[in-house]
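If you scroll down you'll find the structure; I have some questions about it.
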């Protein structure tokens, strides 16, 4: 009775692997879904490599030109897992072909591009979502529930950062397959689009719209060898970016991202302080949610570490038993489950393109403020 | 070129789910293996339930009598995921049929049974392993490497515990499908076989043999309703068990397990103190290994928390990138990968039955000491 | 109006320093006390050293013979800060002279000695207390309040340990002034009297009487140079000691102490698990109390870390403001404050000698069990 | 042989208490100092209260007019512990009278005032220091040593914050004795002068000068009752303040302070990321320093928690033994010890007024940027 949903994957890198794993696992753990993803085709420019990827993961076929893939009648949904500068073109073609689209984040390089993409999927009427996967970490979903239930009261502060240390060495090249994230042509920006966009998506989801920003960006290593050309070239991306902001609800925001924070691998954390309660989370310990409640029982007030593994926690009744952890990849499984569920219910799967465009607008304002050294309003 | 390995799964409960997931995922993440598990058949007494399980997970067929299953010529390996009191009989039959055996822990209820099982698989010459999966948590495997490299020097102390809180309520029944672990007939013992056996397996692996034990066992809730009969019956299992011991290497051991430690869901932890360094680990934060080294740089000595997610860490180059966590289920994937690798190399996959028999002997001595209130030597 | 209380301090080592500091500070922070300690005299065999100590800390006089000190009419209270083998004789003389006694822990070397001491102070009718100072760490006092209020319900488990690493090197001597704790003549026992006694005092206070024990003791370094004689001599103390026990309230206990746990300096921790709540504490972070409550609001259950610095917490309104820590030495100030308060109220200051005798009885049973390898009942 | 240093304390509030305690304790724990503070006089407008304070703490006399105090010939050093708006006038008078000055932080309300104060003490040639006491927390002093030794290499990031939650309730008044910190007339600013100034002092000490800032300030509660008048009045202080900055060494800074971060009492933390190592610290656990070193032994890289209690750590040989904590108040004892030591050596005790003026300049730029919404350069 379960309906197949034929996936056409564009890309065979790190994210393609994470998404493919999610497609393969989702029905095992979410047996009540009405749809089952089918690995119909994978596409990449390097025929040998894309075939190897397809064989390893069980794709039924492969393509070397995404234009062919997006038009194939046996494809229901296109998953875009390629560098950011290719998102728009592929999305527009896929929408035109009437395909559903699951697009890797960030949505686009510019807000203008993003708007085109939104209009394309909306006028085509195709289901669409952007892989801001962290919303589906159970601890973050729980945070959302706690906030929405009103437990925190008026919000005063929201902070988030995403700290890494993998580009400290000046020997890391820019460009190429493995390090396109350091190439401004392919990536558009550095940490802002790659890492801060996750922080911003989470912030908008948990705390609402951002009004204005004042940012500071920095490129610590000014030149790097390009992986394709072997030439030393100026580095065009932001190595680090921090910004202050005001949220529409009156709270203050602080955000930071860098790839030069020695000792941190993927330290995505956020904290939100409300009148009555506060919440903290850290990707390195993703099963835990820190929670402080200013309750009446004052003698036992303290920050709690909630191990989000109980069956009553978001998504967790699908996995193991209390105390047993899940990992990074499960957030993708949850997003696929929710995407399939949304198809059944005929509702958008958040964040859809339109929602992700908000994140894009903040990123763009941040980059602009970093250049002009002025506060920039978000339209 | 990859060879199929046809799995016959006996049982469809929690552990069958964990193992099945591992069989399905292993080749995606370990693409160089020479074998590929095939879900050939699953077996359970309840035809409807076993069929539903098989359909959900993709088993090609199902059986309701394990005697049929273990004799099927299309089965290469039998996976035993049923209550402990059935392990021996199934294992003996499977060995007699020349099947490989992957047996859920603990190996058996008694050491005598365990010996029979060892002799059966050894005389049949079939590959065999016991699912003490925690050895394959990367942080624990790393601990093993650190210890074996001699960094710790002479060992003085080993401590381990496994604390849970799920049976505090006297409303939890004993027996039946979901709570057979509280039924002494099905389980043989309570926390000793279920939880302490994990601690002991890890201890023997990391710190060598145990010479003698002095134990204390307790049953806090003396009577419970039986899930099958509805009758209130005496509880025959140990709700809690703690023991002191001497290791053959001269170090002292302390072990404890309980299901009455409020606030702990699956707090499996261990600590080992050596002359030059110490190590700690905690299942609730399974990607982390705590490490203290008494190095010459005295001004910066401290306990380190190693986030075991770098590609150079055990197993981790098969997964994501530094900083991104894996979860509980991955330990099973690793065990399957190692089992398949061991087939290729013609070597035992540890712990095999013979190795797991050591754990059984310690468990038996512990239970005996708990009754006699005397120190008991391990033969 | 405030009454002077003339202190005669016997000893000028580490503990004498901690007590003297407490006497000097108590009235600054507890201004409502009816008594004020006066540093009347300090006593030690080495005239030069004791004078230097007295001058540094402001003692009005010094003595080289404790027999003279305890008889001086200008002394109200004798503080015994000398090796354990001298406690009894001094206490008996002080009691005979009608002096109040503040005795460093452990009370005595044997229970028999301890009984004599109890009888002496009781027949003399002099105020007496033993410096089990950790009861007055605010976090531990708070734990006592939480337990006494019934929040934990039925108690299942109590665990405590005291782990150090300072005697791992075999170059550490035994005996002499600085290392008398390694000399069995002066100390009576090793970690049992020195460290486990603190764990036991806390356990008896928080969880009630212990019925029986099964212990394991070990001496890792069998011979050490004696600091006085320069001779290599057999080591008579226990380097490590662990024991299992039953409490009278039906809960199970596990205790451990060692000076061979690399990486731990003074890791005194305890944990108590009750039906409804659990508590943990750690001397290394003494301002924090960990607390888990199995409350109805199940979605936010978690271990809380209570930073015990609010004015409503025990003793803390005498110090700074919320968030600002106190340290180790404050526990002694609190004990002096409580001792002075008890004088005003005419009540014993706990633990008095009689109460500390219970701890002594457990220590003695533990050492006996370590030798006999049998369970030993506490009378 | 030890020389008396007669202290004239202006103020009898919280800080006067902390300083007085330090004067009384310093020679007990630092017996080799050449000076001994003597509590000569305390001054406050309320005769009854100042007398009570003086009696409790042992001051030899009291005054109700600071003008009298600073001219008394029996006073060597004036300690200024009154609201910020009084610092300048008292300091100028004390300098004119040739007194040494120990001034509570922040130095002044404006930089202009601060310059006058610097010129006054410099032209008078009197010893002077500002109570930025946190520099003398041993863990922070250790951080300074690690940084100065070059272990961190090139610095990329410095972050600090100071989060509290005590003014969330709109019932907290402004002004008066207990809450003058909420009154802009008395305090000059809110969290910027009170809390961020500590973060900035630490940052300048550890990471060098700040070039420019972009700040955001907020007053969440717009009106409060004034404690003196009982009138509801507009709130003039900043409830929260955050800023971005560039350091002269090329690193990026982020700072934040608020009294609206529910769950945090005095969460002063900082983190510094260098090419080769990183450091973190947190006032709530002040005895610990977190340290990450990107060493060659890659398999055991991790954040270390250094328990800064060993005798070789800064200041710690004056206190107890490894593992035993000190608290907040000890930082003041250390500052007094260093001040007395600096007198002996004829060198300034840092931070002196001139050094603290740098912090003032940053605070002023921050407040200005908060108003103008522009980047402001520090002269």
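Labels A, B, C and D are assigned to the chains in the order they are written; within every chain, residues are numbered from 1.
Operating definition for what follows: a contact is a pair of C-beta atoms (placed from the backbone, for glycine too) under 8 Å apart; a residue touches a chain by one contact, two chains touch by 3 or more.
Bear in mind that the values here come from a model prediction, so they are computed numbers and not experimental data.
Taking A-D and A-C together, the pair of chains sharing more C-beta contacts is A-D. Comparing the centres of all chains, each the average of its CA atoms, the largest separation from chain D belongs to B.
Per-chain CA centroids place chain A at a distance of 55 Å from chain C. In terms of their C-alpha centroids, the spacing between chain A and chain D amounts to 42 Å. Contact of a single residue of chain B with at least two other chains is seen at positions 264, 303, 307, 310.
Interchain contacts join each chain to each other chain, per the touch definition above.
If you check the complex, the residues on chain A that touch chain C are 142, 145-146, 289, 291, 293, 298-307, 310, 312-313. Residue ranges of chain A in contact with chain B, taken from their complex: 14, 18, 21, 24-25, 27-28, 31, 56-58, 164, 166, 264-267, 283-288, 307, 309-310, 319-330. Remark: chain D residues 156-157, 159, 163, 165, 168, 214-216, 218, 220, 240, 242-244, 246, 250, 252, 254, 256, 258, 260-264, 273-278, 292, 294, 303, 373-375 touch chain A in the complex.
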